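Below, subunit A partners subunit B and then partners subunit C, in two separate complexes.
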Partner chain A sequence: MNWNEHLPALLLAVPLFGAFIAPVVCLFGKTTRNILMTGITFITLIIALLLWKNVLAGGPAIYVMGGESFNIALPSGMALPIRIILEADAFSAFMVLCGAIAAFAGALFSTNYMEKFSGMGRFTSLYFLLTVGMLGMMVTGDLFNFFIFIEIASIASFGLIAFWRDKPEAIEASLKYALVSQVGSMVFLIAAGCLYGKYNALNMAAVGSLLQFGTMEKLVLVFFVGSLAMKCGAFPMHMWLPDAYAEAPSGVTCLLVAVSQASLYGLMRVCFSLYGINLGGSFIPWMIIAMGLASMFFGVSMAVVQHEIKRLIGYHSVSQVGYMLLGLGVGLLVLKDARSMAEYGFTAMKGGIFHIFNYTMYKALLFLAAGAIYYATGKRDLNQLGGLARRMPFTTFMFVIAAAAISGLPPFNGFVSKLLIYESVFAVHPALTVVALVTSVLTLASFVKVFQTAFLGPEKNALVSTREVPAGMLLGMGVLTVAVLGASLFPAWTLSNLVEPAAKALVDQAGYIGAVMGGGL
Partner chain B sequence: MFGTVYTGFGYWDVTSWILFFGIAAGLTLWLRAQGRDDYKEGTDQDEIYWSGNVVPEDGEDISVPASSAYWGFRKALEPYYNRLIGMHTGIATDIVGFYVLVVAFMAVFILIA
Partner chain C sequence: MIGNAPFFVVGILFLAALVAIFMEKNLIKIAIAISIISSAVNLFLVALGYRTGATIPIHYLAGEGTVMVLPTPQAMTLTAIVIALATTALLLSIIMLVYRHYGTLNVDEIRRLRG
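Our next item is the complex of A and B:
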C-alpha cells in the first residue's frame, strides 16, 4: 500500500484516534499522557509535511471516503460527486502545515504547563478533537462537512476555553463564544442548505461549476462571509475573541490561533473557489477590505490601552487578521482583471497568505510566552510584572523575536509580509497603506509597552522567586521561534515554496473544480 | 543564500540588512569599548542615581505601571476611546447583535448593488 495516497485521510485519522484513546491512556500517568500528546501531534505534523510535499509535486490530492475507490471522485455514470470528498490543493496543504506546527508547539508547551491540573484525559481528548476540526476544515471539499468540522472544532473549543471551570471568567468566555459561534454556524448551515436545495450538491467543486449568481446566491454569499468573518475575528464581530483567547490555557490559545485561520481559509475558499469569477460586482471584495481596515485599526487601538497581557495579545489578533483580509480582499477585487492581478493583485494575495503563516507562528509564540509568564509568576496583569528578563532569559529572548516580528521590524518575517501588502494595496488606494502603516506603528508601541513593563525595569519584590519555565514549555516556544526565524532569514524560499503555490491554487478556480469534476486522479 | 523578495514596486534583501546590522553592531560595540572601566565597585560610583533621592527597595515603587503607559495618547483621543470601549460591553447578546447587524447590512447592500 502506498501511504502517500492516504495522507489526507491519515491527517484526520491520527488525531481522531488520539482523541479516542486519550481518556484511557491518560490513566497510566503523566509521562504516558505527555508521550501521547507530543507523539500524536508530531505524527500529524509529519503527515502535514508529506501532504504539502506531495501536493507541490503532483497537484491537488483527492480522497473519497466510503467509495469503491478512494481516488475516483466522480464514478462513471454520475453527474455529481456524492461521497465525502477531501480535497487538498496547495492552499489547503499550506494551511494544514501552519495548523499542524501550531498544534505540535501547543502540545509540547502543555506537557509542563498543564501538569498541575486534574482532568487531563478530557483536556488531551478535546485538544486532539480541536486539531481534527481545524485540519478537517482545511482539507474538506464539501460544504456540509465543513460545517461538521466547524462544529467539532467549536465544541472542543467550548470545553477547552472553560477548562479551568473554577474561574467564572473562563465559563463566561466559553459561553459567549458558544452563543455567537452557534448562531454563526447555524447561518452557515442554512446557506449550505440553500445551495443544496438549488444545485443538489454539497461538494464545493460541484457547486462552483454550476453556480449562477442570482438573488439566492447573493444572500448565501453574505451568510458565508458574515459567519466565517465572525469566526476569524473580524471587526465588529470580534468581541468574543479577546475573552476566549485570554481565558483558555495558553497551549490551547496557541491552537485557537490556527483554528481562527481555518475560518479565514473557509472564507477565502468560498470567495475564490466556490464563487470565484461568479462573484458578481465588487461589493463583497470591498466589504472584506473594509472589515480588514476596521479590524486592523480598531483592534490595535483597543490593544494599546490593555494591561492584561493575554487580552492585549488577543486584540492584536483582531488587528492582524485585518492585514490578511486586506491582502486577500484586494486579490479578490481584481480577480477578473488579469492585468491588475498581475500588477499588484497577486502580490497582495502573496502578502496576505504569507501573513497567515507569519501570524500563526508569532502570535502562537506570543500567547505561549504570555502563558510562560503566567506559569512562572501567577500574574497576567502587566501592572504587577517587571524585571522578568533577568529571571526568564529564554522566554524573554523568544518574546522579543515574536514581538519584533508582529511589529513588522526588519528583518523579521512580519516585515516581509507587511511590505508585500503595503506596496500592493497602495495601487488600489494610498489610504489602505496608510491605515496599515499606522496600525503597524501602534502595534510596535503596544509591544514596547509589554516588553518594558514585563521584562525590563527594576525587579519587584513579589517576583524575586520567579524562575525560568520548564524545558517542555521552552521547547514548545522554541519550535515557533525556529519557524519565525526560518521565514525571516529565508523569505524568498518561503515565498516560492510555501506562499506562491498556495496563492496560485487559490486563484485557480478551474483547477480546484477540475480536480473533482474531472473525475479525480 | 537568503534570497531577495521582489514586491513589484521594490525589493527586500535580507542579506544586505544582516550586513548592515553586523556593521552597526560592530560600531556600537567599538564605541562602548571606548568608555571608562576604572570605576570602583561597591562605592557610590556603583549606586543607582535617582534624582538624589533614596532608591526604594521594592522596584514596584519606582515603576510606571502599564496602565499609565501612553497616558497622553489616550487623553488626547479620549472621545474616540470612550466610544470604542463603550462598544465592548462584553454582553453576549451585543456580540450576536453586531454579527446580525453586519450580515443584515451586507444582505441589503448586495441586493441593491
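Our next item is the complex of A and C:
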C-alpha cells in the first residue's frame, strides 16, 4: 500500500481521530494530554509536508471518498463527479502547510499556557476539531463540503473563544463571532445551492468547467465574496475579529489566524478556480481591491489608538488581510490579459501569497508573545507594562523579530512580500502603493509603541517578580520564529519553491479542473 | 408562477430574518432570526431538488413513475439541519452565559468590547 496516495484523507483523519480520543486520553493526566496534543499536531504537520512535496512533484492530488477506487473521480464514464472529492493543488498544499505549522505551534504553546485550567479534555477536542475544519476547507474540492468544514471550524471556534467562560468579554466576543459567522455561512450555502440548481454539480472543478457568466452567476459571486470576506475579517465586516482574537486563549488565537486564512483561501479558490477566465467585467476584482485598501487603512488606524496589547494586534490582522486582498485582487484584475499578467499581475499574486505565509507566521508569533506576557504578568494593558526585556529575554527577542517582520523592515520576510506588492500594484495605479506604504509606516509606528512601552523603560514595581515563561511556550514561539527567520534568510528559495508553484496553481484554472474532470474541458 | 412560490417564500423569510437581526434588540429574538435564516436556506435546497409530479428517489419504492426528485439536495438539507441544530444550541447556551454575566439580553447594554 502506498501511503502517499492517501495523504489528503490522512490529513483530515489524523486530527479528527485526535478530536475523538482526546476526552478519553485527557483522563490519564496532564503529561498524556500534552503528548497527545503535540503528537497529533506534529503528525499532521508531517503529513502536510509530505502532501506539499508530492503535489510539487506530481501535480494536483485528488482523493475520492466512498468510491470503489480512491483516485478515479469519474467512474464508469459519468459526466459529473458525484462523490465527495478532496483536491489538493499546489496552492492548497501551501495553505495546508501554513495552517499545520500554526496548529503545531499553538498546541506546543497551549501545553503550558493552559495547564492551570480545568476542562482541558474539551479544549483539546475542540482544538483538533478547529484544525480539521481549517485543513478541510483547504483541501476540499466540493462547495457543500466547504460549507460543512466552515461550520465545523466555526462551531469549534465559538467554543474556544468562549473557553474562559467566567470572563464576560470572552462570552461577548464569542456571541458576536457566532452571529456574524452564522449569517455568513448561510449566505455561502445559498450561493452554493444556486450553483447546484443551475449546473447540477457541487464539485468546484465540475461547476468551473460548465460555468457561463450571467446575471445569476454575478449574484452568486457577490454572495461568495461577501460571506467569505466576512469570515476572513475584511473591512466592513471586521468588527468581530479584534474581539475574538483578543479574548480567545493565545494558543487558539494562533490557530484562528490560520482559520481566517482558510476563508481567504476559499475566496481565492472561488474567484480563480471556479470563475477564473469566465469572470466578466472588472467589478469584482475592483471590489476586492477596494476592500483590501479599506481594510489596510482602517485596520491600522484603529490599531494605533489601542492600548490593550492583543486587541491592538487583532486590529493589525484586519490591515494585514488587506495586503493579501490587494495583491490577489490585482492578480484577478489582469487574469485575462496575458501581457499585464506577466508584467506585474503575477508578481502581485506572488506577493499576496507570500504575504499569506508571512502573515500567518509572524501574526501567530505576535499573539503567542502577547499571550506569554499575559501569562507572566497577568496584564494586557500596555499602560501597566514596562521593562519586561530584563525579565523575559527570549520572549523579547522573538517579539522583536515578529514586530520587525510585520512592519516590513528590510532583512525580514514581511519586507519581501510587501515590496513585491508595492512594485506590482504601482502599475495599476500609484494610489494603491501609497495606501500600502502609509499602512506600513503606521504599522511600524504602533509596534514601536508596543515594544517601547512593554519591553523597554523603567521596571514597574508590580512586575519585579516576573519570570520567563516555561519551555513549552518558548518552544511554540520558537517554531514560528524559525519559520519567520527561514523565510527571511532564504527569500529566493522560499519564493521559487513555496510561493511560485502556489501562484501558478492558482492561475492555472484548467489544471485544477482537469485533475478531476480528466483533461478534456 | 405557482411553481416558483417556494422561492418567494425563501426570499421573504430570508429578508425578514436579516432585517430582524439588524433591528431587534433582544438576543433571543436574534437567535430566532438566525434559525429562521437556516430554515429558509433549507427550504431553498429542498425546493431546488423538487420536480413536478416526481416520486421519491428510492428505486424499489418509486412505483410506476420514472421521474424522481433529486436526492442530493435532500442529503444536503439533512446535513444543514443538523448543523443548524448544533449552532442554535450553542448560540442559546452562549446567550444564557451572557445573561448570567450581564443580567440583560438587550444588545445595547452588552457593550464592554466597543472601541
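The working rule: the second predicted complex is superposed on the first by the 518 of 521 C-alpha atoms of A that agree within 3 Å, B and C clash if a C-alpha of one lies under 4 Å from a C-alpha of the other, contacts with A are read in each partner's own complex, and residues count from 1 in each chain.
Keep this in mind: contacts are C-beta pairs under 8 Å (C-beta built on N, C-alpha and C of every residue); 3 or more make two chains touch, one makes a residue touch a chain.
Here the structure is a predicted model, which is why all the values come from computation and not from measurement.
Novice: Per the contact definition in the header, classify A:18: touching subunit B only (first), subunit C only (second), both, or neither.
Specialist: neither
Novice: Have a look at where A:419 lands relative to subunit B and subunit C in the superposition and call it first, second, both or neither.
Specialist: first
Novice: Considering only touches as defined above, state whether A:243 meets subunit B (first), subunit C (second), both or neither.
Specialist: both
Novice: In the superposed arrangement, does A:251 touch subunit B (first), subunit C (second), both or neither?
Specialist: Neither partner.
Novice: Look at A:136 in the shared chain and tell me whether it touches subunit B only, subunit C only, both, or neither; answer first, second, both or neither.
Specialist: neither
Novice: Return first, second, both or neither, reflecting whether A:287 touches subunit B, subunit C, both chains, or no partner chain.
Specialist: The answer is first: A:287 touches subunit B but not subunit C.
Novice: For A:81, is the partner it touches subunit B (first), subunit C (second), both, or none of the two (neither)?
Specialist: Neither partner.
Novice: Does subunit C touch more residues of subunit A than subunit B does, or is it the other way round?
Specialist: Greater contact footprint in residues on subunit A: B.
Novice: Go through the superposed model and pick first if A:193 touches only subunit B, second if only subunit C, both, or neither.
Specialist: Touch partner of A:193: subunit C, not subunit B.
Novice: Which partner does A:176 contact after superposing on A: first (subunit B), second (subunit C), both, neither?
Specialist: In the superposition, A:176 touches subunit B and subunit C alike.
Novice: Could you give the residue numbers on subunit A that contact subunit B in one complex and subunit C in the other?
Specialist: On subunit A, the residues that contact subunit B in one structure and subunit C in the other are 175-176, 179, 183, 243.
Novice: For subunit A, which residues are in contact with subunit C within the complex?
Specialist: 144, 147-148, 151, 154-155, 158-159, 162, 165, 168-169, 171-176, 178-179, 182-183, 186, 189-190, 193, 196-197, 200, 202, 243, 247
Novice: In the complex formed with subunit A, which residues of subunit C make contact?
Specialist: Counting only subunit C, the residues touching subunit A are 14, 18, 21, 27, 30, 34, 37-38, 41, 44-45, 48, 70, 72-73, 76, 79-80, 83, 86-87, 90-91, 94-95, 97-98, 101-102, 110, 112-113.
Novice: In the complex formed with subunit A, which residues of subunit B make contact?
Specialist: On the subunit B side, the touching residues are 2-5, 7-10, 12, 14, 17-18, 21, 57-60, 62-67, 69-70, 73-74, 80-81, 84-85, 87-88, 90, 92, 94-96, 98-103, 106-107, 109-111, 113.
Novice: Using the touch definition from the top, list the residues of subunit A that touch subunit B in their complex.
Specialist: Touching subunit B: residues 175-176, 179-180, 183-184, 187, 215, 218-219, 221-223, 225-227, 229-230, 236-237, 239-240, 243, 280-281, 283-284, 287, 298, 301-302, 304-305, 307, 343-344, 347, 381-383, 385-387, 410-411, 415-416, 419-420, 423-424, 426, 445, 449-450, 452-453, 457-462, 488-493, 495 of subunit A.
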